[in-house]
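Every chain is named by a letter (A, B, C and D) in the order it is written, and numbering of its residues begins at 1.
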Amino acid sequence: MSAAPRRVVETSLDAGELRALVTDSGHGAVVLFEGVVRDSHQGHSVTSLEYTAYLPMAEVTLEDIIHEAQRRWRVRVEVRHRIGRLTVGESSVLVVAAGAHREESFLACRHVIDEVKARVPIWKRERYADGREVWVDPTVPTLPGESG
Amino acid sequence: MSAAPRRVVETSLDAGELRALVTDSGHGAVVLFEGVVRDSHQGHSVTSLEYTAYLPMAEVTLEDIIHEAQRRWRVRVEVRHRIGRLTVGESSVLVVAAGAHREESFLACRHVIDEVKARVPIWKRERYADGREVWVDPTVPTLPGESG
Amino acid sequence: MSVREPLTVQVLLFARYAEEAGTDSLTLEVPSGSTVGGVLDLVRARLSRPHALPPRPLVALNRSQTDLLSEVRSGDELAILPPVAGG
Amino acid sequence: MSVREPLTVQVLLFARYAEEAGTDSLTLEVPSGSTVGGVLDLVRARLSRPHALPPRPLVALNRSQTDLLSEVRSGDELAILPPVAGG
């Protein structure tokens, strides 16, 4: 992947570091989105998550999404997505958008997280308090009793 | 002001601290807005800013804005605005909105920063590279040559 | 207290208005029954450039936004606010 | 290389599909001229629950999204992707 940053990582995410990668002295508005592991999903009590990725395609897709946003708005954007096992309260994804004005920073940040969720080949397995584990499929609601 | 937090402060702002004040284990989406001092404004080269506030009214107005947002969306919100002298690259304002889902966190964060800019009695004096200082009036464009 | 006794009002000035007045605070005695607009006229008369205070500036009485027709009472804090520019 | 010579394709499986197959990777020999859809049929035939792989899953050939009609070449990496759920 040459010198491109690895955006899909197994270590905890650092918003301050990511912000520093994109901001410059012409930026007046920084918008950060942080996805966090919640303690419940569709009525289930969640104890942890495991994210897995098709790594090389995920990296290419993230790069595409960032470039698309930077062409569409006058912003600089970065993204990190964590994989592996995460517990409640840990950050799974960070998107930062920095620009001169807040309108474009908000629009770019929102667009990028929507695209990340829609396009990047990453999957999520939820572990519930009752011990069951379920792969999350956003295209069908998980039914109680359905399993892995 | 009783035990309410002071939201207008003279010290540098800390996004991580502010985030910790509002997040809980049911939150899956945190949106942070950060306003940063830019190096230019309407063609002028800015070296520093000075913010001044009508403090007691600013605190009451911020509290109103936060409560309004928390009634309108299922989120927790916090705000800090720095006053005093700031140099380029320093943060002047932070808004954090934490909720279960990103839609409401984005809407609340955007709404709150818009309201802060429209309603909170805080004023900004820009110091330019040529030594002039100008009070910023968002209701009229600053003309080159016009002075404080 | 007789209805003709003057009232004491604390006037706060901010940013550009404080610069124009050369002070950020004035204590004014005004006639009983005065309105916010009346107090503004007294403030304006003290400025070397009276037009620097527009006809209808933002005003707050005791920290709540109000209008020029509100009557002031003794001890009131009247703040005259330039267009805000926080954020 | 003759046109009848079989091709070797690397099939990658993820998440639920890997669990169904009991593996996250298969090396398959397929006839020359095979399409992505043809390879999917071979994969499906190896599953204990063939319907667990839907008729038209997301597929990527050499890390780019593609469709069932694309022809595979020797050495291709064909990834079969469940609905994504990152974020």
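Here is the rule we use: a residue touches a chain if its C-beta (ideal position, glycine included) is under 8 Å from a C-beta of that chain, and two chains touch if they have at least 3 such contacts.
Keep in mind that what you see is a predicted model, and the values were worked out from it rather than measured.
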Subassemblies held together by touching, chain B left out: A, D | C
item	value
Gap in Å, rounded to a whole number, between the CA centres of chain D and chain B	52
CA centroid of chain C to CA centroid of chain D, Å	77
Distance between chain centroids, defined by C-alpha means - chain A, chain B (Å)	26
Cα-centroid distance, chain B relative to chain C, in whole angstrom	27
Shared-contact residues (touching 2 or more other chains) in chain B	35, 113
Per-residue overlap in chain C, given as positions that touch at least 2 other chains	none
Chain pairs that touch, as defined at the top of this document	A-B, A-D, B-C
Complex interface listing, chain D residues touching chain A	12, 14-16, 19, 60, 63-64, 79, 81-87
Interface residues, chain B side, partner chain A - complex	15-16, 19, 23, 25-40, 88-89, 100, 102, 105-106, 109-110, 113
Chain A - residues contacting chain D, complex	35, 51-54, 56-58, 60, 81, 92-93, 113, 116-125, 135-139, 148
